[in-house]
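Following this line, the structures themselves.
Here come two complexes built around chain A, the first alongside chain B, the second alongside chain C.
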Partner chain A sequence: MLIGVLLALFAIGQMVLPGFIGSAQIANQLKIAAFLGLFGLCQTVVIATGGQGLDLSVGAVATLGAFVGTSTLALTDGNTAAAILVATAAGLLAGSLNGLGIAGLGVPPLVATLASASVIDGGLVLAVSQLHPAIAASPALVSIAALTSAGVPNILIVWGALTVAALWFLHSFWGVRLRATGSNPVTAYLSGTNTRFFRGLAYALSGGIAGLSGALLTGYVSQAFLGLGNAYVLTSVVVAAIGGVALEGGRAPYLGVVCAAVIMTVLISLLTALQMAEAGRQIILGSTLLAFLLLDRILKWV
Partner chain B sequence: MTSAERIAGVEEGVASVPILDLKGVGKRFAGIVALEGIDLELRSGEVLGLLGANGSGKSTLSRIIAGETRADQGRVLIAGRALTRASPRVAAGLGVVIAHQHPSLPPHLPVWESLFLGAEICTTGGFIDRRRARRDAIDILSWLGARVDPDALAGSLTAAGQQWVEIARAVSRKPRLLILDEPSAAMTGPEVAALFTSVRRLTAEGVGIIFISHRLHEVEELCGRIVVLRNGHHAGSWSTRGRLDVPRILQLMSGDREVRERTAPGQTLGESAVGDPVVGEALLEVSGLTSGTAVRGASLTLRRGEVLGIAGLQGQGQEELLEAIAACRPFEQGTLRVGGTEVRPRCPRDMIRRGICLVPNDRHRQGLFVDGDVGSNLGYVAVAADRRPWRLPPRALAAFVRTTIERLSIKTRGPRQAVDTLSGGNQQKIVVGKWLSIPFDVILLSDPTKGVDIHARTEIYELVQDLVAADRAAIVYASDVHELLLHCSRILVMYEGRITADLAGAAMNEDRIAAASFGQPAMDVVS
Partner chain C sequence: MTPATSLKQNGLVPVLGMSAVIVAVNAWLQPSFFDASSIASNLASLAPLILVSVAQAIVILNRELDLSMGAGVSLLNCLLASFAPYSLGGVPGQLAATLGVALLLGATNGVLVAVLGLPSLIATFATSALWFGGALAIMPQPGGAVGEAIGDAYYATVAGVPVPLLVIAGAMALWMLVSRHRVGRWIVVTGSSPAAVFQAGISLIRVRLGAYLLAWFFVFLSAVAISAQTLSGDARLAQSYTLGSIAACVIGGISLRGGKGSPWGALLGAVVLGVIGNVIYFAGIPSSWQEFTKGLIVVGALGFIVFEQRTAR
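Presenting the complex of A and B:
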C-alpha cells in the first residue's frame, strides 16, 4: 500500500511539474529521505519495546553527535572514521542513560527523553559558547553524506547497509525478544526474557543511531550547528507511525518505515515545489498522518 | 409463578411473556458460523444451564442477549420487546445484564466505585454520591455473601474477588435476566456455595438466570433446565430435576468424539485414577518460604515422577507459592533447593535455566502474546532461551511448532492463525506447550484448566502425566478439588499461606481436604 502511495505521489508530481521524476531529482529526494529514515529507525526500535516508548531526545542527541564529530575531526587531523565512531559512541552513551532511567528507574519515556533532550541542548549551548569547538565537516564526511558515486548517493548506500543490519537485528532472536517485550512484557518476562535489558537496549541503540545520523548530517550541510537535529524529532515519530509501527509496541516493520520516509520526503518536496506556504504544508502533513492512522484502523477492522 | 407476577407488575400483563425469547438466532464471524438457528425461551424465576465445549457458541450467544453484539439472523425478544441493535445500554434498559467471565475492572479504582461505573449514583447537584455508593456497594456485597473489601483497589483482588465484584455490579443493576458466564471458574467450595445461595434468592425474586459453567456438578445442583450447544447449534435441552445424565451430555457436547473425561459426579472421588507412581529423588525442596503476606512459611518437597496437587480455598497463597518458586515474585525468606543444591531465585530466566518453568494463572495477561499468532507464541520460550541470539530463527523452530500443534491436538488453521481467535482450551494448550521446546525438570501449573472445556482439560492433564512419566515432576494448583483428586499422586492443602496437610493414598479424599482447607489439623477430623 505504501509503495502504491509513493508511485501515485511521483505520478502527481510528474503531472503538475514536468521533470519531477528525473534521476537527479529522485537521487536528491532519496538523500533527504535517508536521514529521515535513520531517525525513523530510532523510533521504530524504541516504540517496538512498548511501555509508551518514544524517544524525544533524538534531535538533541543528533546535534550532540554532530558537535562531538566535528570536534574529533579537528583533534585527529580530519580522521573521518574516528569522528563517526566517537559521535556514535556519544549517542550510545546518551541513549544508555535514557535507557537506565526508563528501564531501571521506571521514569516514563516521554518525560525521561524530553528531560535528557533539554539537558543536552542546554549543555551544548553552554559548551559551544565557552569552548568554541570546530564545526566544519571533513571532505570525506561531505562526500559520504552529500555526494553521489555513479549516480547513486553515497548516503543511500550507508542507509541501505544500516537497513539490512536493522532488518537482521529485528528478525534475529534478539529482535524477537525485543518485540515480545513490547507486545506483552509480563508474558515475555515470565517466559524467560530479560525485559528490562531489552527496553534499555532500545534507547541505547536509538541514541547510537541518532549520534551517527548527527555526524552524517554535518557532512550533508557541511558544518555542525545548534538545533541541527530538531526538525527530526516529530517527523521521525510520524514516519514510524505511517510505516506501521504500532504505538502500543510489539511491531517493528522497518521496511514500512523506509517507505514512509521516502513518501514524506517526496510529499514535502512536492508541496515546496508547488510553492505552498509553510502553513499549508503543515496542515497537509498533519492530515496525512491522520489519514494514514485512520486507514490503518479501517484496514484492521475489515 | 407468584413471584414472577410480582416482578411483572411493572408492566401489566407480561407475566405470561417469557423474559427471553429467541427465534432462529444466528451469527457469523468472517463467514464462519458461530451460531445458527438457536431457539430459546426463559421465564422469570428460572435458572437455565448453558453447556457446551469451548468454541461451541455459549459466549457469542450470551453476548447477543446482552446486546454486546448483534445477531445476523433471527430475533431477540426481551420481555416481549425486540432487541434490534448491539447496545449493552439498551439491553440493560430492558433488564438484561451479564457478569463476564474475565471482568475488566479498572485496576486503580476501589471496589465500591467500580461497582457503579456507568451507573453512578448522583447527588442532586450532579456529583457522585460517594457515601451512598460506598454504602450500597457494601450492602450488595454482603447480600451476596462475598468476602471482598469494598475499599480495596480492584486490581489488587484475586481472580475470585474480581469475579464477585463483577457479579455484584451486575446484580446492582437490578436485572430481570442475569447472565452468569462461568462465575465459579475461579471460586472454591464455600464461595461457590455462597454464590448458589445468592442465585436462589434472585430467582425467588423472579429474576431469570442463564448459568454457564464447565463444572457439571454445579449445573446439576443449580439449574432446572439445561441447553447444550455444539459448534453453534442447539444439540439438546431438557429439564434436569436435580440429576444429570452425564455421559449423554458429554456425548452431546462432543458430537461423535469419544468421551474421554474420567470424572463424573457420583464417581467415588478419592479413588484416584492415578496408579502408584514411581517416585524418585527430590527435585525441589522448599522450606519456610515467605513472600509478601500471601505465603508465610510454606515448605514442601517434590520428587521426580510426582504430580503434586495444591488445594485450598481461593486466595490462600497457592498461586503466589508457585510464582515465588519460579521467581516471578520475591522469595523473601526460606530456602529453595533444586536437585539438592541451594538456589536463590532471582528472576524467571534464572529459574528456567535451572529447569523450573511456570504456567501462570492468567493466560491472557501472563501467558500469551495476545496480538501474536500461534507459531510465535508456541516458539517464544525457545527464542527466549536460545544462547546464540544473533541468529535468525532456524527451521527447527518452525518444525517444533508444527509437531507441538499436532502432539497437543491444538485446533488451529496453522501457525499463522491469530492466537486470540482460538478457544480458551486451545490457548491454554499453547501456554503449556511452549515449554516443551526446552529441557526442564519441574513444571508448575497455576489453575491450568480455568475456563477450559472438558476435553481440553483432560488433554492438558494427559500431557502433564506424559511429562511426569518422562522423569519429570509437576505441581498443579487447581480451584477444582475433583480435578486434583483425579490427576494428582499427592495433595497439599494450603491455608493462610501455610501448608496445613500433606495427603496421599487413602488419606487423599474430599473430607480431609475440606477440613485442612479451613485450617483444621487432619487428626481432628472424624469422617
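Presenting the complex of A and C:
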C-alpha cells in the first residue's frame, strides 16, 4: 500500500510539475529521505520495545553528535572516521542515560527523553557560548553526506547499509527478544529475557543512531549549529507510525518506515515546489497523517 | 478522609513541598515578591500555563494525551485577534465564538480518539498540525488586535482580588463541581480501569468525549488569558504549552497511566515550572547558563517525583 501511495505521489508530481521525476530530482529527494529514515529507525527500535516507548531526545542528541563530531575533526586534523565514531559514542552515552532512567528507574519514556533533551539542548547552548567549538564539516564528511558517486548519493549507500544491518538485527536473536519485550513483557520475562536490559538497550541504540545521523547531517549542511536536529523529533515519530510500527510495541517493520520516510519527503517537497504557504503545508501534513491512521483503522475492522 | 490522606492519595505531597521551596527561593531573591502588585503580575503571567495544564490533567487522568493543546491555544489566540472591533456584537460575542471553536477542536480530538479509537498520541499530533496550519491561515504574520476590553478586564481587580486569580479559582471550582458529579468520577475511573467502566454499562465513548470537551473549555480560558496579555495574535505563541502542560502534570504527581492524581497537582506543577523562570532571572544567572539550569532543575524535580512514587509503592 505504501509503495502505491509513493507511485501516486510521483505521478501527481509529474502531472502538476513536469520534470518532477528526473534522476537528479529523485537522487536529491532520497538524500533528504535518508536522514528522516535514520531518525525513523531510532523511533522504530524504541517503540518496538513497548511501555509507551518514544524517543523525543533524538533531535538534541543529533545536535550533540554534530558538535562533538566537528570538535573531534578540529582536534584530530580532519580525521573523519574518528569524528563519526566519537559522535556515535556520544549519542550512545546519551541514549544509555535515557535507557537507565526509563528501564532502570521506570520514568515514562515521553518524560525522560523530553527531560534529557532539555538538558542536552541547554548544555549545548552553554558549551557553544563558552567554548566556541569548531563547527565546520570536513570535505570527506561533506562527500559522504551530500555528494553522489555514479549518480547514486553516497548517503543512500550508508542508509542502505544501515537498513540491511537494522533488518538483520531486528530478526536476529537480539532483535526477537527486543520485540518480545514490547509485545508481551511478562511472557518475555518469564521465558528468560532480561526485559529491562533490552528496553534500555533500545534507547542506547536510538541515541547512537541519532548521534551518528547528527554527524552526517553536518556533512549535508556543511556545519554544525544549535537546533540542527529539532525538525526530526516529531517527523520521525510520524514516519514510524505511518510505516506501521504499532505504538503498543512488539512490531518493528523497518522497511515500512523506509517507505514512509520517502513518502513524507516527496510529499513535503511537492508541497514546497507548488509554493504552498506554510499554513497549507501543515494542514495537508496533518490530514495525510489522519487519513493514514483512519485507513489503518478501517483495514483492521474489515 | 482527612485532608492529609487526601493529599497523599492524590500524590500532591512532593509537588506541594517543591512549590513551597521554589516560591520561598523566589521570595528570598526578590524581596518585593509578596507585594500586591508583584503577586498580581506573577498570577497574570502564570495563569495561561496553569489553565492549559489543568486541561491536560483532565485528559491524562482519562488515560489519554493531547499534543494539540499548544497549537490550539495559538489558534484561538489568532482567532481572537482577527475579529474586527465591534464585530459579532463586541467582546462578549467574540468570546462566545472563540469558545465555540475551542469546543469544536476538543470535539474533533474526542471523536478521533473516543469514537474512532485512534491512539491519542499520534491523532492529536496530527490535529496539532491542523490547528497550527489553521492559525497560520488566519494570521500568517504575528499581528491583529485583541479587544482591549479583554486586556483591561484581565488586569483589573474585583474587591481587591486580581482577575487572573478569580479565573483560576473559578476553573478549579468548576473541576471540583464536576469531580463530585458522576461524570467527573467516570472520567477518572475510565483512566484507571476502562474495562470496569465498560462492564458497569457506562459508555466509554461518551466519557472520553466528555473529558476532551471539558478539557478544551480550560484550553479556551488559557487562550483568553494569554491573549489578554499579548493583545495580538501569533500562530507560534503557545507552542511550548503542549509539552509544558505535560511536564506540569508529571511534576504534579499525575500518572501518565491515567486514573491517579489530581488537577490540583497540575496547577502546582505549572506554578513550579513558571516560577523557575523567575528564580533563574532574579538569581542573576548568566543567560548562557539559563537553559541548562532550567533543564537540570526540571530533571531534578522529575527524579524526585519518580523516587517518591517508587518508595510510596
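Quick note on the criterion: the second predicted complex is superposed on the first by the 302 of 302 C-alpha atoms of A that agree within 3 Å, B and C clash if a C-alpha of one lies under 4 Å from a C-alpha of the other, contacts with A are read in each partner's own complex, and residues count from 1 in each chain.
In the analysis below, a contact is a pair of C-beta atoms (placed from the backbone, for glycine too) under 8 Å apart; a residue touches a chain by one contact, two chains touch by 3 or more.
All figures in this text were calculated on a predicted structure; none of them were measured in a lab.
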{"item": "Partner chain in contact with A:Gly122 - chain B first, chain C second, else both or neither", "value": "second"}
{"item": "First (chain B), second (chain C), both or neither touched by A:Leu290", "value": "second"}
{"item": "Partner chain in contact with A:Asp77 - chain B first, chain C second, else both or neither", "value": "neither"}
{"item": "Which superposed partner A:Arg177 touches (first chain B, second chain C, both, neither)", "value": "first"}
{"item": "Chain B versus chain C as contact partner of A:Ser191, first or second or both or neither", "value": "first"}
{"item": "Touching partner for A:Gly280 - first (chain B), second (chain C), both, neither", "value": "second"}
{"item": "Partner, of chain C and chain B, that touches more residues belonging to chain A", "value": "C"}
{"item": "Interfacial residue positions of chain A with respect to chain C in the complex", "value": "52, 54, 105-108, 110-112, 114-116, 118-123, 125-126, 129-130, 234, 237-238, 241, 247, 277-287, 289-290, 293-294, 297"}
{"item": "Touch list for chain C against partner chain A, complex", "value": "65, 112, 116-119, 121-123, 125-130, 132-137, 140, 243, 246-247, 250, 256, 288-296, 298-299, 302-303, 306-307, 310"}
{"item": "Chain A - residues contacting chain B, complex", "value": "168, 171-174, 176-177, 180, 183-184, 186-194, 250"}
{"item": "Of chain B, residues touching chain A in the complex", "value": "326, 328, 347-349, 352-353, 358, 360, 365-372, 376, 380-381, 383-386, 388-393, 434"}
